[in-house]
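Scrolling down, you'll hit the structures one after another.
Across the two complexes that follow, chain A remains constant while its partner is chain B and subsequently chain C.
Moving on, here comes the complex of A and B:
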């Protein structure tokens, strides 16, 4: 640690050379960007391609006015970088920002305003929204205050887990929604810290990776407004609107009011790793919280508008994100910021991977056109610090660029497979003409990822955006009135089916069918090749009452109601059993595509498709059922011996008899799961599966799935 | 509430050096400097145990927590840190920020 006592220990290059209003400083270091502690001082570095001057503004924590403003002497500028080392600051209480002077000429892309104090894009921590929804001081001259963070966290021997991606079971989660409901019964509900209290639950369920919806500092007050119907405040709950990319959201930390969110988050990550759970962050590099030309100037716009944003020739903001502006990701300066940011999270927070929101934007050129070889995506794919991190793209954007299957992957990138979601949903609701697509989806979508392997496919049926699994089978239409936009927001392509009644009902048959459909969905998800992702709460029948776009609700619509765990225990048991089954059978977790041939001499191809007659798949358009069989001797390309697995999926509204493929040697078919059975008999204990009564056929009930093990 | 601190270094029954620091009041970023100076002072004696009496300490800011980390780094990994009778909010903060595992909470020292 750098010593702070006695001038004898201070190297000559850390001696002040200048003084301004009693503050001592000297020429700084251009790198690293941001504010960094150095012996006896803090080094500040920030770049702007078009500013004419820059002033460092220093505050004591929470003070209304700065205690100093130090203009950067021109000789401290290196190229476009302003750098300065300031001495004798109280680093624990320091808040800092910048004023940038330059032209206000929107038609040329410049929007400088020296009257605004700007946040540092590289700030490691931000003050101003320290406690969730605490009323801010709306008159604050500097509402989002850059602060320092320190690198003295004791990680002990922690290390990212580096699981092979095909072995992951991802659980998509919102930090606050996960534990805020009173039924969560945890201390410090709704915070990073509270996740620790639910690690035992996550392990019981069997997930080994959590994907956190945005935790970069955002402003929950952004676009807040009262609900026209109830008067309740609508806020930015999901957080897809970044204020600062390097700072964790203070309002998610129980210790945020003490400025200790960095330590709290690191503590949770360390604890998750200790329990075998990876952490993936949902990162939003497609736009910022500054909005369009009518939005607030917080940081980027006032520092270097033309560099940070994609602008129309007239100087307005391209809106490929659907939120007002578009980050100019393939500008070299922005690209380096994104890279620096992810490196920081990987190295300093031990993050295991990243999911990129609207990632198609990351492949757009500065004029908005799609690039065939986007430098940012390539840099991320080959970066040595990120080398073991999972990189997952949401391979579309709001500007119409849809790249599922064609996202530039460089052998590294996986994708949220939106086609998996749509095919499975349509198949489950009984649409015709889906068996061909489904055969692709359960194989890891070789039609989309032939050259990339099944691990390119993140399989999901529900995610934060859209219906929960329960609502998928309880609502035909979205019900977004509570969002205050006359039900105009949210997607209309839900491919949902209410099973006979719109919304809640006490009809026993409808409820049985809904639960069966959830189990059908879970069955498909966990026997598909690729990487399964489960939405928080889908394992216990979570509902959002048919609202498919709950971005603005800090209430029961988003908070996970833990009492469902008791009410729908059979759903949890089923989800848990399916995860166990997946983990027990390596043949379900292939890193390469099937070849449809027998390359180990087992007498069976690695995968085969069947209809109601064994070995005879009915590919016809009006068919709604099929079966597939995996040969365990091909598990991990023949390296591991596994059982035979046979899965019959009948989405027809009547029961069907499936003739079973004969097993060689003395192996017999055993039944692991049958979603048509009463809840208590739906799943067997792993390894103790009962024999199938008639070894030559099974009856799959209407809209049901049967999973057999041949051993 | 104002902050006060004092320290003594003595030898325990096994002949190892024990530094006892008593903290009273609120440990904020200003008082954390005094805490750090005290740690630097006792570090010169290379104690084996560092005993922090926090019974009368009502608040600890992040700067105070950082001094705990600093003391391990300054004196060395062999140092055992004991915290005597910390108040509930302080234990809570130590827990949330991951420091609880590197200290031992005791009712008295030696126990």
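Moving on, here comes the complex of A and C:
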């Protein structure tokens, strides 16, 4: 009688039926797409709706020429899918690609060229850019080489953390920039692995989620050119230009040169999870690195151009992404690829969530028009594998579709709240007419997300795109000359204020004001309902010297200078204290909007607004200050008892006296933070807040914020 | 690559030499699995190993799982700094006890 393993061995598809140039193969399986190890071989499967034939091209790692090219026999084709199992391959050294034959007829959407060897859109790793900025072989006949990856990582007991989204404190991070600066003092600087060396720091700061800027394989050499001023090479540093959606960037891995980036990244995620930190990926499904009709053909264009891209009636590329092409996300084939991809990252990499770059594109129809019920967004929202993943949209695109507040959410999607950023920035710089907006922003923007709740709002004041928090208060104008585009790139609507001098200064008063403004910003961020996101380094006064679009710099403009931590320790201490405060007070982390009423019988509404007179909010247009009070007995809809919290925000240029609302029972007001005090006295130890001297009023200094706890 | 198997006290010592990569991993696996089938104290001496590829690392982890299933222990000795770095970056190092010299490994298991 055959044993179990014996039974398995006698499956006939474990053995070849065909041979070509000494390579043995047989009819393959159409699913799954991509290259998959099977007993004795590798199953290859790829689809094209318009190719007339397909050839599998096999290389040994790094070899100039392929060791075999096997045309798919027509009987191996299932519908539009070419599939084949090839035997006796060295999966660790194998590099594979495809040649697709078909018409070159751009007006019909076809751009086939059988002379080009194409990457597999489903490849699990990619060779060719194995070490960051290592000089590529520009004559390589196959520059971005599909490879297999070992998918047997030992996760032990790891599991995505599944924190409620309102409890997250997100830290937006660039993998290389985080530890590349010499002051990071870590082994393998600038890599995935080096993040592990800074986990202790992240925990100390208190963040419980990192959002990684793109880590899908991209080409840092794309559009590289010398800096006209310094001669230094400008590269694609940020990585918003995907070459392959299933492959982690090898150049970010210390072990990329050995092809072990998959294991390395998974090890980092496992370690982060062990330390209570979630991992969200910034994913770029709006376009690819292939550019427009003048761009390189790497993969998608040569496999199935009119399926993968949104094309004009003349066969050119729609450019809703501002980068040359637009991925055709609501084509059913592409939609499935996106879904397969995210499922893969969620299931195989234990990713906790995704932030979708220029996500408004994901809601456009194949002709570019916005859909009211976009099938891709719906599929992602209801997918069982993604069911516990955070889905976050950057709810606009470069084609003018701005959907903050109206992004199709299906009860799942959160958004980068661009209006939060703009309102808070304008309020902080002292613009008039902002208190009404600000009242909405600190409540989780019910004006935008009335039906979705505050958890739809990812609150941020600075992100990778635009000024850092320090630069927001140090520069009136962007200073992007180093980008080599005559300062024409980057946004002009920064809503920034230099506090009296453009750029660095020794002026003590200006520097005090800048630091106070950073602390004001951090205060607002961490007492707002919704989900706070902090930009890497803003907790230590990171500067990009006024450059608001540093996408092309592999240097100090992007690298985090860890010596700032010592120089600006008071900023770090303040950020840390505000995160602690947020975590300690559930009333700051509501999953539902306030009702402005007292539904627990505490004698106070869940939220109330105040002016310089208690209970009298001044909504007038020229007002620059207000206060709000949260009733702790309404925390988590009354399920938890928390303290009363009162926050006075004075963005007027003179000090103001705020009359305090009277507390019930024997509660007293205590002061947790006052950004107008000298650095050492700005914030109290949690739980040991000193009593407010006069319980009936406080003086909020010019442009400052005071946070009180009633207990 | 070469594999030599010897016994020190009650410990099975597998001495490898060369590179353990996709070309040699299956041979290394075959030899080591056979040699450690009944053993619960195993040392793998990597002093003379220059490179461990993904496939090589996986053989080590497989051995670890098999020995651990018998409540046994496995110690790696003589792991070069570069290989240790790779093992650390890819997480494999967390599963193993490492010792510098063979005698340290023997002591660790005694």
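In this section, the second predicted complex is superposed on the first by the 702 of 711 C-alpha atoms of A that agree within 3 Å, B and C clash if a C-alpha of one lies under 4 Å from a C-alpha of the other, contacts with A are read in each partner's own complex, and residues count from 1 in each chain.
Heads up, the rule we're going with is that a contact is a pair of C-beta atoms (placed from the backbone, for glycine too) under 8 Å apart; a residue touches a chain by one contact, two chains touch by 3 or more.
Nothing here was measured: the structure is a model prediction, and the numbers come from that model.
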- Combined model on chain A where chain B meets chain C, clash or fit: clash
- Task: Check whether A:267 is in contact with chain B, with chain C, with both or with neither, and answer first, second, both or neither.
- Result: both
- Query: Touching A:258, do we find chain B (first), chain C (second), both, or neither?
  - Reply: both
- Task: Mind working out whether A:365 is in touch with chain B, chain C, both or neither, as first, second, both or neither?
- Result: neither
- Of the partners chain B and chain C, which touch A:78 in the superposed model: first, second, both, neither? neither
- Where on chain A do the contacts with chain B and the contacts with chain C coincide? 90, 92-93, 150, 152-154, 187-188, 193, 253-255, 258-260, 263-264, 266-267, 270-271
- Tell me, which parts of chain B touch chain A in their complex? 29-30, 32, 40, 61-63, 65-66, 69-70, 72-74, 92-93, 95-99, 102
- Inside the complex, what are the residues of chain A that reach chain C? 90-93, 150, 152-154, 187-188, 191-193, 253-255, 258-260, 263-264, 266-267, 270-271
- Item | chain C - residues contacting chain A, complex | 21-23, 53-55, 57-58, 61, 85-86, 88-92, 95
- Given the complex with chain B, which residues does chain A contribute to the contact? 1, 5, 90, 92-93, 150, 152-154, 187-188, 193, 253-255, 258-260, 263-264, 266-267, 270-271
